[in-house]
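As structure tokens, here come the structures.
In the two complexes that follow, chain A is the common piece, with chain B as its partner first and chain C second.
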Partner chain A sequence: METLFLPLVNGLTWAMMVFLVASGLSLVFGVLKILNFAHGGFFMLGVYLTYTFIRNHALSPLKFFLIVFLCGIILAIIGAILERLIIRRFYQLDEAYMLIATYALLLVIEGSVEGIWGLQFLALPSPKGLGGGTEIFNTIIPSYSLVIIAAGVAVAVLLNLLINRSPAGKIIRAAAGDPDMTSALGINVPIIYTMIFAFGIFLAAIGGGIGAPNQAITPTMASSFIIQAFGVVVVGGLGNIGGAFLAAIILGLVDSFGTIYLPQIPGIAFYAAMALILLVKPHGLFESSISTK
Partner chain B sequence: MSDIVLEIRDIEKYYHQFKALDGVSLCLEAGEIRVLIGPNGAGKTTLFSVISGENLANEGAVVYRGRDITRQVSWKRVQMGIGRCFQVARVFPDMSVEESLYVALQAYAGWQKKVRVPRDFFRPPRYVLEKTGAILDEIGLTDKRNIYVKTLSHGDKKRLELAMALAQEPDLLLLDEPTAGMSPEETRDTVNLIKRLHSNRRFTVFLTEHDMDVVFSLADNISVLYYGRLVASGKPEEIRKDPAVQEVYLGKEGDFDAFS
Partner chain C sequence: MKRGFSRLLAALTISLLVMVLVAGCGGQKKESAPSEGKKAEGKEPIKFGVIVPLSGSQAILGEEMERGAKIAVKQVNDAGGIMGRPVELVIRDTKANPDTGVAVARELLSQGINMYFGVASSAVALAVSPLMEKEKGVIITTAAHSDRLTHQNFNKHYFRITDNPYMRERAMAKLMAERYPNTTKWGCIIPDHEYGRSTWDNFEAGLKKYYPEIAKKELEIVSVQRAPYGATDYKNFITAVLNSKAKGVFTSEYGGDAVTMFRQAVPYAFFDKIDVMVDSANEFLVPKAMGNMTPPHWIGTHWYYEAYKDSPMAKKVYDEYVKEYKDKYPTGWVGEAHSALMAYKAAIEKAKATDTDAVIKALEGLTFDSVSGKRTIRAEDHQTIKDVNIIHVVPVKEEPGWKVDEFKVYKGDDLIEPPSPGKPLKLE
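Let's turn to the complex of A and B:
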């Protein structure tokens, strides 16, 4: 039991970290039908911005999460501006242009982060009281892992309520399914696109902030996270947030246990599992997207 | 002279070299049912999309209730009171009938500022719940409220689209071939439905139609579009006798024997 519990927690922690990035990616894909490469960049900006406010202070959890939230809001506003100025111009074009444009945006963000914060590794202390270990089932596990798992589950539940239960979610799903029809109901679809894009970036940024104490902070973290998040989004079914949640858990556990049983080749289990799942189900585990409920 | 709801002045619309509308002008009076007829490709759908804002005119002006809306985006025109149904019904296939109406009413409640955040964030405002039943009754879809839209018959899909347009409380309703593809019974029901809605709601209806029985049973006035030009406008009996119209229909199109 004890030998299985720690890798279980590690796998779930990794899963929720990636899900926090993948959730916004999947939401934006589901509604706007775009794959946003720059998403990982905003995740990283969330990490660095949070770092800039906190540095080496061990804040109370309340202050810490308030700062994370604030950084999310700041980056969401920047995201809304970028959607209006740049992203919007690519909706009518072939999707390859959107990929190139958002990849360019990712490079700009990576370059800016290197320029502003430098290439060295940075580290952020955990909030007070959350830095140590907690004993569960005779196993000491990092307390902060539990915070990340709780945050991931909370985001999944809230997003599900927002999209599938709330009246606003019905409009969002309508706009995702048929933007022309939705305009015919008097809805300003472009502003919904801007808001969803900004909200996706908010999710990426708070994911970064929440995960920051658990990571080595480097300018390359955007690329590594976006690849894993893309994997999770594809395996979960493009645009399906619930699917991304389950895919993150499956791939996280496979990766964690894979590292234990095959320590010679760490990290390979994630890609192997992803390839296997996509060979059997090329459209991911759950095909339906936001628009189709 | 009664109220003018919509005035179209010298509208020209090109698709590349092709001139789809060539100097079309017309006025709709408040409360009338105007039927636009003309052969396929005459520009009827194009004219509707210029009025509803899906397409913008290259030349000319669209004036709605005294306001120039020629370059206005389509969703704002909906908010101003211009509703539209398409030739092929546009509906949300993966929603139920009731859910579709929720969305339509939620949209209306949203832009009418009847929604209060955060109170109405996780449940529809009372307005939406009450109005859903009322519109389903009005349109005759109450017994199908829990059915998925993709499984509805063609006629019921058009009905639902009309219901969703009604949810926006239109003052001018554009109906692009409301009976297209319908069986004779469905057509008769639709004609009666349009008459009933028109007498209850007192809005202006502008519709296109191919079925001449439908045209003459609904129209207060008829306008005839022929390859991008408006060749006649007037009372049904005037249109029936108009030599230009007879030329257009009887000379070139054989299927309009209702005129003979």
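Let's turn to the complex of A and C:
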């Protein structure tokens, strides 16, 4: 039991961490059609900002997640301003310019983090009562792993409700599918773009805050999940959040069981599975659910 | 048409920006350098190239090396320079990338600088060392631990001022046999690349030598966990080590990876279930990050100032560091960069020349004073014989949440392997 259960939980934890990063990336791509290179930077800012408020205090879970949420809001506001000032100017240009612009933004963020918080590595204590282990099936599971898994599932469910079941979702889907027609119907598409970009940043930031007690905090951590997140977004189908969720779980489990059963070649299983899926389904598991409906 | 124009405009703006940035950086460096040599004015300065990682994942090592180098330059210049000539540093960022390392070294070589020190990563050292041979420069590295540098890839233009994995890991293994004679089941979590494997191989060889010799016990290796470089999740490796019932655990995970690994081990009560944890080389990085979450563990370090508090040179460097950088815990990299310049100073004064051949000749077999006492550079393979420092940290209630409660110093002569430049290292 233990030999199956442990890698299952560890794989799911990793999957949900990656999904928390990938969800915002996928949402922004689905609606704005831009691949935001700076996404990892906002993930990192979420971590550092959360750290700044908490430092070495073990807070109650309620206070902890309130701070994470607040940091998400602060960074979402910054994200909205950046969309208005910078990102917006690139919508009409070739995609390459957007890549360069968001990459430049990432470099600025990395430099700022180094400047403000320094090069020193940091670590964040877990919220009170969640720092230890929980025994399930005679196996010790870090309690905080369960929090991360729950957070990932919650974000997936809420995003699905928001986009596919709410009135706002209808407008978002319309703006993603045909911005000109949506605009002609009297809907302010640029505002929707700003909000979606900011919401993507919010997801990156709370992903960072939630993951912070599970990770070293370093000024180069912007890239720590971003490659896997890009992989998950591509395998799930660009812009498809449900697809990203499923892809994260598949790749997370493959990676986790890979370290157990193929210890000689650690880290390979993730990329092998990704390549295999893309060989069979070059456009990913699903098509974009946001723009095609 | 309009789109074409705006593209051109954007491209022009970007290239202009880049040019301004590059020019800005270059200008800054040039301005700051000469002012460092005020006391020994009048004569042409002796320039040293300092090539260290100042950005990327090893930036923290580079920053400490840069600090050590600057402290050394200030002290040397305040005391009249080298042969009456002021010393000047020209600092460049390797980004811990071999290609960048070679590019910046080439740039400085083309400016006529022939003496170098720094380099954190073994990959960069392995790339820069042959360049020095080809372009007639000389380099002293201040961290790079790959044993190839003084063995199969050795050339006369390369020197290592630090200990090496053979000395470091065996000293740690010896300490384990002395202090934890009943801990006979060992495991490890190491990065899956050359450095990770070589540190473990040396440590394992040390365990297998010293446990039967000192503890009179047979040793069992129960779990070897190799994690991909830059992994974000170590839980499967952590639980595998726990399940193997290993009581002693070694790690050579590095920098942020080590912090992540230590952090993720806490919920499993990992450190309560084992007798002893050994970190081969992270200096103060893990305790500084973890604060009061720091588990008790042993750490290999290049230089622990408290072990040399009777040495005026060590005390001066420590005091200067604390004053200048407002931090009471200089890492060993500060001491190694300082030692590299001390070695050059002694060599140049011995040779009464600064040309590469003369300096190499003077460095070979040189004994000089450093922050960790006398060091001797072996003539055969340019490996320095120096003390190995090992510290033990424990969590405490008061700030910063941890302290060093014990340290051990092992003499280099007793530990070092016989020189075999050009040949691979042989483990017993």
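By our rule, the second predicted complex is superposed on the first by the 291 of 293 C-alpha atoms of A that agree within 3 Å, B and C clash if a C-alpha of one lies under 4 Å from a C-alpha of the other, contacts with A are read in each partner's own complex, and residues count from 1 in each chain.
We adopt the following convention: contacts are C-beta pairs under 8 Å (C-beta built on N, C-alpha and C of every residue); 3 or more make two chains touch, one makes a residue touch a chain.
Note that the coordinates shown come from a computational prediction; the quantities given were computed from them, not determined experimentally.
Contacts of A:Ser26 after superposition: neither chain B nor chain C is touched. Between chain B and chain C, more residues of chain A are touched by C. Within the superposed three-chain model, A:Thr13 lies in touch with chain C and out of touch with chain B [touch as defined at top]. Contact with chain C, but none with chain B, is seen for A:Met221 once the two complexes are overlaid on the shared chain.
Using the contact criterion defined above for the overlaid structures, shared-chain residue A:Ile260 touches chain C, although it does not reach chain B. Contacts of A:Leu161 after superposition: chain B is touched, whereas chain C is not reached.
By the document's definition of touching, neither partner reaches A:Asn36: not chain B, not chain C. Of the two partner chains, neither chain B nor chain C is touched by A:Thr50. Note: no residue of chain A belongs to the chain B contact set and to the chain C contact set alike, using the contact criterion stated above. Those residues of chain A lying in contact with chain B across their complex are 161, 165-168, 170-171, 174, 177-178, 180-189, 291-293.
Against chain A, the residues of chain B that register as touching in their complex are 52, 54, 73-76, 78-79, 84, 90-92, 94-95, 99, 102-104, 106-108, 110-111, 115, 120-125, 128, 164-165, 167-168. By the touch rule above, chain C contacts chain A in their complex via residues 3, 6-7, 10, 14, 55-57, 59-60, 63, 192, 225-233, 235-237, 239-240, 243, 255-260, 262-264, 266-269, 285-286, 288-293, 401.
Across the interface of their complex, chain C is touched by residues 2, 6-7, 10, 13-14, 17, 56, 92-94, 97, 100, 114, 119-123, 125-126, 131-133, 140, 142-145, 213-221, 224-225, 228, 256, 259-260, 263, 266-267 of chain A.
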